[in-house]
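Per-chain residue numbering starts at 1, and chain names A, B, C and D are given in the order in which the chains are listed.
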Amino acid sequence: MNATVFGLCGAMAAGLGLYGLITDAQPLRKILGFNLLGAGAFLSFGVVARRGAAAGFGGDPVPQALVITGMVVAFAATALAVALLLQLFNTAGAATLDTNATSEGNDPPVT
Amino acid sequence: MMTDFLLASSGFVLAMVAVGLIRVLGGPANADRMMAAQLFGTGGIALLLLMAAATNITALVDVALVLALLAAFTSVAFVISGSRSDMLEPGAAEQS
Amino acid sequence: MTIGFALDSAIAVLVVAVSCWTIIARASFAAVVGFVSFGLLLTLVWVRLDAVDVALTEAAIGSGLTGALLLAAAARLRTSEFATQAERPSMALRVATALLSATATAALAGALFLLPSPAPTLAPAAAANAGATGLGNPVTNVLIAFRAMDTMLEKVVLLLALVGVWSLASDRFWGGPPSPLRGANTEGPLAFLARLLTPLGIVVGIYILWEGADHPGGAFQGGTILAAMWLLLMMSGVANAPATRFRSLRLVLISGPMVFLVIGLGGLWLGEAFLAYPVAYAKPLILVIEFVMTLTIAVTLALLLAGPPTREASR
Amino acid sequence: MSIVLDTFTVLAVTGGLFFFLAGTVGLLRFPDPLTRLHALTKADNLGLGLIVLGLLPQTNAPVGALKLLVAWLLVQLSGATIAQLIAREARRGMPQA
């Protein structure tokens, strides 16, 4: 069945996203990895929806609706994460999660 | 027969987009990378329109419309952030 | 069918290749461009999975808005990028992570392969109850009627995320406008494009909302297109980002969840259940919710992307 | 009648595919961003135009044909302007590259 190809592809995207999320030191790249992980999970769920094709629909509409809701929530979470990251950059002068690097560096300007 | 021709045509356009995408992502200049959204703006839309005609799902034309709008929006975002990161280039480029 | 299978396989290989690029690319800008391409390719995947509603959402939010957000962040963080690149984790950690990721992939793929053969589905139930709302699009039915609670709470999540972003502003900027989204040279072609594209985009956005009743489309997709058009005006310098203290702006932000809540409580008051629409008025009520929600989604998404207020509110 | 229309579709779509091929070859072979941009925007837009033209007889409602034309118009409008914006970026980066 054709949908299986995309299931495999979603699983691989999720795995790659997880790898990037853990190993990449840059917070922005972690956010990218997290989005990749989420997209892979949505895609896998989309394959489940496709398997549930019945009653004249091309797929089960319930998982499809949940994926749409999930995408909007993922965007909201990404926007908040990016705003936090930019705030970190503005106050600490570097976008890094390494606690030693920020405490050694110049004192953050108080706003 | 017509269906097969249209589907095969969309496969051909996909191959062209794939080759172009590999070329464009590799750079070397950021200006090259900015072309990625443009590539989907023409190739992706041609692909969707061919698929819509092949499968008789007319809603795919709506997807093509949305993609056309959002590809333009993303291209503008590319150009603006690209030009901003170029403004910061002296310093950043020399450190590396 | 074989042509279709070849097409699907080619798309799948391309998706995996682009996600690899997103992880391994050296420069963040290149990685984000890879991610945007990934989103655009996913749109094709959703089309091939016969989930056109999801394809529209992916094209609009997944690649469009998320891409613009991450691109702007990559541009801002450019100076800090090379310093952080040095902090690479040890080889042992990377190998362990690779193993963990491979296991996760295998588990996910295995779960999909081991799915029971006539897969469990709610499609017949959704088809049987479609008459209760009078709408022809099953996905809109699920979103607005059958699982309306999810959709309402998701509006609240969007609002909370915006409150979170705004609360990062320092006290003296509270209520002021966010930073301008403008680029280096906005005069000329960009302003021309924004003026030309926005009216067309608004028509397409409303059309997608309207289509959502019976065909793929709806409030999310329409709202995102409207948000993108507003952002285009801001990025090209034709419009300015609004001060966040405006009453009217805040009213639009809360009107979506509020209308949902009021109609939901109305269902309770009429003796049925929370969010149960009286059958005779189901369709007009749903249209009211969808229309108000589109406006709220458009404004919330655009402001989420614009970020926290960074300038003092002018009196 | 339908044979004539189908032949027209096949011819126009094949012509469109040819221009997509030409654009991709240009993208691969041309030496700098400006010429590559030229290959991408000119050839692909012509290719899309021919494909839209070829698909017009296959639509079964006037609204469908209208939407095809609107999609093409949108790409034309945005493509022309964005090509110019990217070209500016490419030219600013040229001396170093």
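In this section, contacts are C-beta pairs under 8 Å (C-beta built on N, C-alpha and C of every residue); 3 or more make two chains touch, one makes a residue touch a chain.
Keep in mind the model is a prediction, meaning the values are calculated, not measured.
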Distance-maximising chain from subunit D - centres being C-alpha averages: A
Separation of subunit A from subunit C, taking each centre as the mean of its C-alpha atoms, in whole Å: 13
Centre-of-Cα separation between subunit D and subunit C, whole angstrom: 28
Distance from subunit C to subunit B - Cα centre to Cα centre, in angstrom: 19
Computed distance of Cα centres, subunit D from subunit A, in Å: 33
Touching two or more other chains - residues of subunit B: 30, 34, 62, 65, 69, 71-72, 76, 78-79, 82-83, 86
Residues within subunit C bordering two or more other chains: 4, 11, 50, 74, 76, 81, 83, 185, 190, 193, 197, 200, 204
Of all residues in subunit A, the ones touching two or more other chains: none
Every chain pair meeting the contact rule: A-C, B-C, B-D, C-D
Footprint of subunit B on subunit C - complex, ascending: 3-4, 6-7, 10-11, 14, 17-18, 21, 25, 29-30, 33-34, 36-37, 40, 43-44, 47, 50, 52, 55-56, 59-60, 63-64, 67-68, 71-72, 74-76, 78-79, 81-83, 181-185, 190, 193, 197, 200-201, 204, 207-208, 211, 215-217, 221, 225, 228-229, 231-232, 235-236
Residues of subunit D touching subunit B in the complex: 6, 9-10, 13-14, 16-17, 20-21, 23-24, 27-28, 33, 36-37, 40-41, 44-45, 47-48, 51-52, 55, 58-59, 64, 67-68, 70-71, 74-75, 78-79, 82-83, 85-87, 89-90, 92-93, 97
Subunit D contact footprint on subunit B (complex, rising order): 2, 5-6, 9, 12-13, 16, 19-20, 23-24, 28-32, 34-35, 38-39, 41-43, 45-46, 49-50, 53, 58, 61-62, 64-65, 68-69, 71-72, 75-76, 78-79, 82-83, 86
Complex contacts: residues of subunit A adjacent to subunit C: 2-20, 22-29, 31-33, 35-36, 39-41, 43-44, 46-62, 64-69, 71-80, 82-87, 89, 93-96, 98, 101, 111
Footprint of subunit C on subunit B - complex, ascending: 4, 7-8, 10-11, 14-15, 18, 21-22, 25, 27, 30, 33-34, 36-37, 40, 44, 47-48, 51, 57, 59-60, 62-63, 65-67, 69-74, 76-89, 91-92, 95-96
